[in-house]
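Heads up, the thing below is written out as structure tokens.
Going by the order they are written in, the chains are A, B and C; count residues from 1 in each one.
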Amino acid sequence: MMLSRKATEVAVFSLFRGCAVLVVLALLVLVGYIATGGLERLSIEFLTDMPRRANTQGGIFPAIVGTFYLMLIVLSISVPIGVMSAIYLVEYQQNSLMGRVFRLAVYNLAGVPSIVYGLLGLGIFVAYLGLGFSLISAGLTLSIMTLPLMISSAREAIAAVPSTVREASYALGATKWQTIWHHVLPYALPGIFTGIILSVSRAAGETAPLMLTGVAMSLQRLPDSFFDSFMALPYHVFYMATQSSNLLATRPIQYATALVLLLLVLGMNLFAIVLRKRYRDKYRW
Amino acid sequence: MALKLRKEKGRRLRKNKHLPPREKAIQLALNIATWTSIVALAAVFGELMLGALPAFSSINIIDFFTGTVWNPSHPMYPLYGVVPLFVGTMMVSFGAALIAIPIGLGCSIWLAELASPRVKAVFKPAVEILAGIPSVIFGFFALVILSEWISVVFDPVTKLNALNGAIMLAVMMIPIMVTVAEDAMNAVPRNLREASLALGATRWETIRHVVVPASLSGVVAAIVLAFGRAVGETMTVLMATGNATLLHFDFLRSVQTMTAAIAIDFGEVEFGSDHYHVLFLVGLVLFVMTFIINFLADWVIRRYREEY
Amino acid sequence: MTTAIHTEDLHVYFEKNHALKGVNMDIEMNKITAIIGPSGCGKSTFIRCINRMNDLIPGCTVKGKVMVDGEDVNDDDVDVVDVRKRIGMVFQKPNPFPKSIYENVAYGPRLHGVAETIDGKVRRRKHTKKELDEIVEHSIRRAALWDEVKDRLDKSGTSLSGGQQQRLCIARTLAVGPEIILFDEPCSALDPIATAKIEDLLVDLKKDYTVVIVTHSMQQASRISDRTAFFYLGDLIEMGDTKQIFEKPSKELTEQYITGRMG
């Protein structure tokens, strides 16, 4: 029985290691195929040209611009609201009933399927508020969608600041807000920043809400206002891969567009991870 | 030189009414910002109800929930049975869970108990990156590459089928599972492991009999949460499963999920028509489903959290 | 006097930190040996060498010999699982498993099974329920806990008081059937009454086991131990009969520590 205990352990541990290898493999295979498929079509022209001939030629510039505008909207709306909510939840409502209600709301918002957010956007922003199929409708929808993620990351960063820092500040006679502004937020800022990057990158990759709030298949011009129609990278990948006029011929464009989106999102994620590591190393509590 | 004592009005930090006006204003602003979440959640639910309500009067609700044919675009006799869509969602989600749970658990245990810090520092970011990849990219991969591999191995009738969706969803579910389950296992105090080892247990025996049982609530919650994400996923299944709306239980045939139905049909639906409202109804059902699943996950954590 | 544990030139390094410096010590069977010294002197590190718990610390290197029953515990072909079966450990903070009291005590024996000699070959088999019940009851009784828990063996181990939890941990260790039991400051997290109960238990246990106890309380050491070893900054300064160490220490450092002028 002694021998088989050891042998069981060895076998089981190899299995677990195999699982981990599988996961890394999946990532590498996915990124690898997209990269090799899309590299040939990737070029400066591809990134800066307008689409031509019903998307079968030319570039994807409007899609890139559209995605950036969307990220901008999400940045300006969900970041302030998210950070303010996080501050409120950690500093003012830690142990109250209302705090629990808020946290429950955030938790449930996080679990809502993306297509349901699309329905929300359609019903409220497009129809009820009359914003139409436009950048602002899509942007607002995405903002609400990323709000829970923003709040969670910011909460984690703020809660990680040890209570001793706050106590020291209060003991010196500072008010609550002074303590937060001068002692808590500065230390939480790197973590909040990481959360912002992750949230915005999530928003950049979403497709379903866009489909219901007015993303366009092909445009020959850039949006001139927030009420204008727009293209976006994730939708472009979807559209080109499933509905464009010549699926086989445009395959390279599909790959290239997917690659651009992947690079954008991966780039932001990696940046956030590196940032977080540097911040952790700097502030070992 | 006499010390000037600052007579600050609000020294008690707890009750709002004793605070100086600036603090009060700030607290109010923060309070309002936080209410956004509740308003948003209510808006989601409200909007779904508003959009779905007309459907209750215009179509037969019993037929909706029990009908086995989904054919809303039929010009003469549109049928709104949600069962094929529901089955489609369940097939890909459960299929994904079947694949993701063992692999995810194996990964979590490996990460929490066995991996060296150096390897961990590479593996954890890899999992995070996998979690951050947009679903449309997974969908694209499934559409173009994975389906070909499945064709070669299984020789199915269509290469865009439920299996394709299930496998791709599993890859998406694993990072979520690993993150939550690993956290749960890490929370088990070190001295419990030491106690077990000091009694002469092997590392595997310690994991199996002490660590996993102690972190079970977190592990179960991880599984439930990941399943909830799978149910709510749209783009991947939209691109991978072929979107045929016939009712069947064959993994090698095409299915359509509830999420995909909403996404696709909205391209051609008329504002305010029956079809339009039924789609909102499907969305409502989806919302309730994921709400219940998330509630379950939270309940499991709360109820069965081990006291160490 | 028979020697239960014999260490020879024992060194322990944590990365660059030289935590134990050439310890040579003999620990006698069926006696209580107390290990005292100021914080950070290497007491816990030392006893963790005996049952190879230092293996669990990354970056830790152990050099030298720890002989138990004629064999070096650190030998390559020695099974560490077997070492820990024969040398048990009770920790500073009581750490019962979040399982029932019965399961806590049955855990160890269940893993190891019963060794039987059939046709000259040693085999292991699973315990029968009756055998397990007997082991559990015997161990809990020996740990002076039976009367308090006999009606609630199915309740969680964590539902007991601190002192009871620690006795449960002792019962758990006894159930595995060790010859030597190491105690790493077992009472530092307990109140005086619980401490007194455990001290009485230790004195009782030495009849059948070799007891080594690390303690930061000199009063405790002088109360219950037969032999005392004084460590300082990784060195074994002095070791001898407890009475002698506390009344007439031969090294000045020892005297400084005992009279409270240091540590």
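Please note the rule applied: a contact is a pair of C-beta atoms (placed from the backbone, for glycine too) under 8 Å apart; a residue touches a chain by one contact, two chains touch by 3 or more.
Quick caveat, the model's predicted, so the values are computed rather than measured.
Summarising the inter-chain contacts, the pair of chains with the most C-beta pairs in contact is A-B.
Set against the C-alpha centre of chain B, every other chain centre is closer than that of C.
Remark: the per-chain Cα centre closest to the mean position of all protein Cα atoms belongs to B.
Taking the mean of the C-alpha atoms as each chain's centre, chain A and chain C sit 53 Å apart. Averaged Cα coordinates give chain B a centre that lies 48 Å from the centre of chain C. Separation between the centroids of chain A and chain B, computed from CA atoms only, is 15 Å. Residues of chain C in contact with at least two other chains: 81-82, 111.
Across the assembly, chain A contributes 5-6 as residues in contact with two or more other chains. Contact of a single residue of chain B with at least two other chains is seen at positions 202, 205. Those residues of chain C that touch chain B in the shared complex are 51, 53, 56, 58, 81-85, 88-89, 91, 93, 95-99, 107-108, 111-112, 156, 158, 169, 172-173, 176. If you check the complex, the residues on chain B that touch chain C are 117, 189, 191-192, 194-202, 205, 209-210, 213-214, 306-308. Contact residues on chain B toward chain A in their complex (touch as defined above): 8, 10, 13, 19-20, 22-23, 26-27, 29-31, 33-34, 36-38, 40-41, 43-44, 47-48, 50-51, 102-107, 109-111, 114-115, 123, 125-130, 132-141, 143-145, 171, 174-175, 178, 202-205, 225, 228-229, 231-235, 238-239, 259, 262-263, 266-267, 271, 279-280, 283, 286-287, 290-291, 293-294, 298. Partner chain B is touched in their complex by these residues of chain A: 5-6, 8-9, 12-13, 15-20, 22-24, 26-27, 30, 33-34, 80-81, 84-85, 87-89, 92-93, 101-102, 105-109, 111-120, 122-124, 127, 144, 147-148, 151, 170, 175-177, 198, 201-202, 204-208, 211-212, 234-235, 237-238, 241-242, 251, 254, 258, 261-262, 265-266, 269-270, 273.
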